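Structures are listed in the sections that come next.
What follows is chain A paired twice: with chain B in the first complex and chain C in the second.
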Partner chain A sequence: MNINVILALFFNGIVLGLIQTMVAIGFSLVLGIGQVINFSHGLLFAFGAYVFWYISPIIGYWPAFLISPLIIGIMGYAIEKTLIKRVYGQDPLFGLLITFGLSLAGAELIRMLWGKTTKTVSTPDFAAGQIYFGSIIYSKYRIILAIIALIILLSIWLYMSRSNFGAIVKAGMFDSEMITALGHNLPALRNKVFVMGAVLAGVAGVIAAPLWSIKSEMGTDILMPAFLIALIGGLGSIKGTIFAGLIIGVMTSLGVLVIPRFTDILPYILLVIVLFFKPKGFYGEVTILGAIRGE
Partner chain B sequence: MRNKSKILKDPYLYMLIFFLLCPFFPFLGKYITIITELLIWSLFALSFNLVLGYTGLPSFGQGAFYGAGTYAAALTYVHWSANSGNMFLPLLMASLVGGIFTYLFGFLIKGKRGIYFALLTVAFTQILYVIAFRWNEVTGGETGITGLIRGQFFGINLSDSKRYYFFVLLIVFVSYVVIRKITESPAGKTLMALKQNETRAQYLGYNTEKYCWYIFTISGVFAGLCGGLYCFLYNAAFADSLHWTKSGDVVMATLLGGGMVNFYGPLVGSTIFIIAREILSSIWDNWMLLYGASFVIVILFIPTGLLGLVEKWKEKKHIEKHNNYNGKKINPQIIPTKGEKK
Partner chain C sequence: MFKFKSTFIISLILVLIFGCFCITSMAVEPIKIGLVSPKSGNYAEHGNMERIGMKLAVEDFGGMVLGRPIELIEVDSETNPDIAARRAKKLIEVDNVKFLMGGVSSSVGAAIGAVCHELGSIFIATNENSDELTGVKFANKHMFRVPPNMAILVRGAAPYVAENLGKKWFFITHDYTWGQSGTRWARFMLDEVGAKEIGEILVPMGTRDFSSHLLQVANSGADVVCVTVGGFDGSALYKQMSEFGIFDKMKVWWTLADYPDSWTLKPEQRGRYGMAEIYHTVTPGLLELSKRIKEGFSDAAVPVVETNSYHGWLGMTAILKAIEHAGTTDVDAVIKAMEGLVICDNLQPDPTYIRPWDHQFIDSCFFIHDLKVPGDDICEVLYTCHAKDFARTISENPVDLTK
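Entry: the complex of A and B
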């Protein structure tokens, strides 16, 4: 087998993993602090891609790159304020169903607004073409995107592990009652975390838009990988999520060489193995979820 | 005498009569397939409610066992009983496979509670979906298994859709009675105690994990049976029936009717659910928008479901009646709840 093919697939896997990780972080944080399985998170990702597709011809590539995630952030704020905040801490099925309904309605809304056909965003001029590393040829655009995504993810990780805000969020996952008692505004904190996740999902959508075809089902398609990454990495742990995201991205990408048809199932097998030996995921700690199941 | 009046008061009797007469109504007779599906769905929702309503476990994977039943029935029928056309073995296999899957899966997750339980059930459903979707040699992959021809059940020819309807009706009603017997049994009462306070039930000496595991398995058996019946209704098995959206539908149907508070909730819910879906999808292209929005509305405004509303209203009437007694108000807490004798 050609080593170049393997390397190219490896890089593809990294890019895929980075995009999925960005979605997974928001999913994981909301799950940790709000105990809501947010099925509508994929919808935010899809909207990110659609908004980017819609506004980038009008205002140019870079402005659209910055503005679309902000629009998604506002959307996330509105969704959290009107709907999600009502199901925090309730029966998990309520949160699950409300976000599930939301994602169905949202996908239909996309179809109503922009039609059923798949859309494509062309690669911007400055990033067109290939880069040559010796004998390996790789798309310039993917490398630029990978670097941007990596910078964003690392800064989020640093922010959440070093800043005061990150510490409060982490404390909120352990004991939400206690941080309220210490004088922190829990609803506002949950809102901030949700909006942060939404912005990240929007960025992921923007990054994915030129790589994948944009369609209304892309939200539900990315949800399951994000879900798996969040579970395998450990709920609420940014480090674990990035780690798991990269592993799963590379695994699904390289898996094509070994078992072409069953690559989708590899992450699930990994999930079962991880949950069997390390029920909290790679870097998961005892969070509020652990407290519920008495660990 | 007491027994007789009890039977006459039973809502089942009237439901059975209604469904028996259903195909003979001139208007409803045309929609026999949908009514059959409705019956199957009501049993499916009822089986799901054994888990949700009686143990409070937030399972989001009931669709997995339903789908497993669909495939089990289709595969058994194609490979083992295509010649004789007997549907007994496929249906038996469907419920067995549903039961075995839930038994094995339940062993892994019986100790998990709350959101973690929900997450694992979603993951399990998705594993089965991917297998069914990709394993072309056995499951037919994306196209599924199609072109089955409904055969006979120990000599009774069921190829006619009206006959199949009565066959389904019989199975569904027998299952109803069995499920109700389970919920009324001491084990069912234990489950309700477990739902209210698991720790207390444990201190009373009940092995709550085992109870959860067994009721989960029983619900899997019925879900598998529903899958088998559904497979023969449309003469096909698709990977779609394993998708996690299916599990969302059944949870919705159960909650809509009020499965958390009333035994008949799932029946009411799935009836409304199927009828609304059929009507909506035939009159509006973008019906999914309303469909998704209805989930949000139900969770926000009627989380206890329709029968929950009825129950609340009854309670209110009850309290009002006592308040007006002798013209003075009393504390609602000391009013005996309905059904309690003095």
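Entry: the complex of A and C
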């Protein structure tokens, strides 16, 4: 086995993991602070890709890259204000059902707006082509994408770990009543977290669009990996989510060498092992049941 | 007297009204044809195109056969065998449909074929290519298959590939019936054409990212990567091959080259070779059919007739001709009329013939190369071959559905 191929697969796994982590972070934060399993999160990823596909030929790559996630953020704001906030503190099943229904309706809306056929987004000219590392060819776009994703994720991590906002969010995951008692506006906090998650999902959709053909079901495809990453990393933990995302990406990528037919089940196996020994995930402070019950 | 007369007249009027109603009802009873075709899932676009072809064929018949209107009932197979089987069963048992067509995915086709065999309806597999549908495993007297199977497609291409593209082959296989069928036949041809297998990757259905697979392929030392991957997965793979510069490193041979895969890519991203079951420029008839698709179906995945739409058209044409020849909708009579049917007005260079013993449609195939050009005419046809030269013989496929 060629060591260069193994290294290339390892790096490829990092790239895939970073994209999935961008979706997973928002999912994890919403679950942690709002105790809602948001099945519509993948929809935001899909809308990010579609909005980018639609507006980039009109306004150019970089303006579309900046504007598309903001549009998704506005969508997230509207979704949280009209639907999600009604289920905080309710039976967790309500949140699950409402967001599941929203994801189905959203996929149908995508089909109504943009049709059922697959769309292709071209790689931007500055990122097209390949880079050679010895005998290994790798996609230039994926390298650039990895750098962008890493910068964004590290920025989020630093912000959440060093800022007052991050401290309040973290505290809110443990005791939302105390946050309110201390005079913080919990509904506004939850809304901000939801919007932040939506923007991140939108960014992930934008950068993933040139990689994979975009179609209305792409939100569903990304949701389960995001859910697994959030659980394995630990709910509400940015560090944990990044760590879990990278592990899953690398594991899936290298798994193609050994068991190409079954790489999809590797994250689930990892989930079972991790939760068996660490029910709160790698860096979580609360289990999923604890999170949705608000314990 | 007056009372009797008025009663008589009223009764006569009522009988006449009732009689007219009965006659009208009998005269307009439609012939129902069930389209169990994917509207979602991996083959949604293929399903869309084949339904377009089917509708155009009905138009060509004037919407009627045996003086009865044709009613199409569409259901979504969701590219799922269990769902497709359930919906096919409902069409037959509840809606009294005797003729079904569609499928696209070979697994789905096998499931629908089994249901139709059990319940005594005809199923035309319009875009399923796995050998097993007309093979020992799944063939049955109620199922007919329109497209060439993988034996035809691969045996027709392998000599050219070995001679002109390269002899060291790496396989990428869609991990289900159809994909395995393509790779199996390519492997079978290795010795015959003097080629060698370098490696294989099995790809589960639903795979969207092939980067890890392509890194292996690019470093395998192969001259040719032999691909049997279809649907959305196929489109994604084709695109990512371009992204990873595979076309610069080796030749790419798609055992079944679907036009929509090429159509969704930008010209500079294309470069594969493959066997296509139809190409829209080979006859004026196909160009005319393409024009009708472009003008009549704005939701068509591609604006020209391609594999899926052509086979939808051909399958529907065949069943309607068979009903016409049989003079009845009795299933056994229509099956007899289908077996041995020759369709000369099939828009192809050579007629289509339906083999009685395995219910396989036999006609032409076209080896193409995708060009990096804009527009609709994006392939060059390198050569044409006929399925009769490459189809399995009865000794290779010991099935006899005429018994």
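The criterion applied here is as follows: the second predicted complex is superposed on the first by the 284 of 295 C-alpha atoms of A that agree within 3 Å, B and C clash if a C-alpha of one lies under 4 Å from a C-alpha of the other, contacts with A are read in each partner's own complex, and residues count from 1 in each chain.
Assume contacts are C-beta pairs under 8 Å (C-beta built on N, C-alpha and C of every residue); 3 or more make two chains touch, one makes a residue touch a chain.
Treat the numbers as computed from the prediction; the structure is a model and nothing was measured.
Contacts of A:S139 after superposition on the shared chain: chain C is touched, whereas chain B is not. Of the two partner chains placed around the shared chain by superposition, chain B and chain C are both touched by A:R261. Looking at the shared chain after the overlay, A:I55 reaches neither chain B nor chain C. Using the contact criterion defined above for the overlaid structures, shared-chain residue A:L270 touches neither chain B nor chain C, since it reaches no partner.
Applying the stated contact rule after C-alpha superposition, one finds that A:L228 touches chain B and leaves chain C untouched.
Of the two partner chains placed by the overlay, only chain C lies in contact with A:K215; chain B stays clear of it. Once chain A of one complex is fitted onto chain A of the other, the partner contacts of A:S103 are limited to chain B, with no touch recorded for chain C. In the overlay built on the shared chain, the residue A:L150 is in contact with neither chain B nor chain C. Using the contact criterion defined above for the overlaid structures, shared-chain residue A:I74 touches neither chain B nor chain C, since it reaches no partner.
When both complexes are aligned on chain A by C-alpha atoms, chain A residues 261-262, 264 touch chain B in the first and chain C in the second.
By the touch criterion given at the top, residues 2, 4-5, 8-9, 12-13, 15-16, 115-120, 122-123, 129-130, 135-139, 141-142, 211-213, 215, 217-218, 221, 252-254, 256-257, 260-264 of chain A touch chain C in their complex. Within the complex, the chain A residues that touch chain B are 31, 35, 37, 83, 86-87, 91-94, 96-98, 100-109, 111-112, 224, 227-228, 231, 261-262, 264-265, 268, 271-272, 275, 289, 292-294. Across the complex, chain C meets chain A through its residues 39-40, 44-45, 48, 175, 201-204, 206, 208-209, 211-213, 215-216, 218-219, 232, 235-236, 239-240, 243-245, 249, 264-266, 299, 301.
Those residues of chain B lying in contact with chain A across their complex are 52, 58, 60, 111-120, 122-123, 126-127, 130-131, 133-134, 136, 245, 248, 251-252, 255, 286, 288-296, 298-300, 303.
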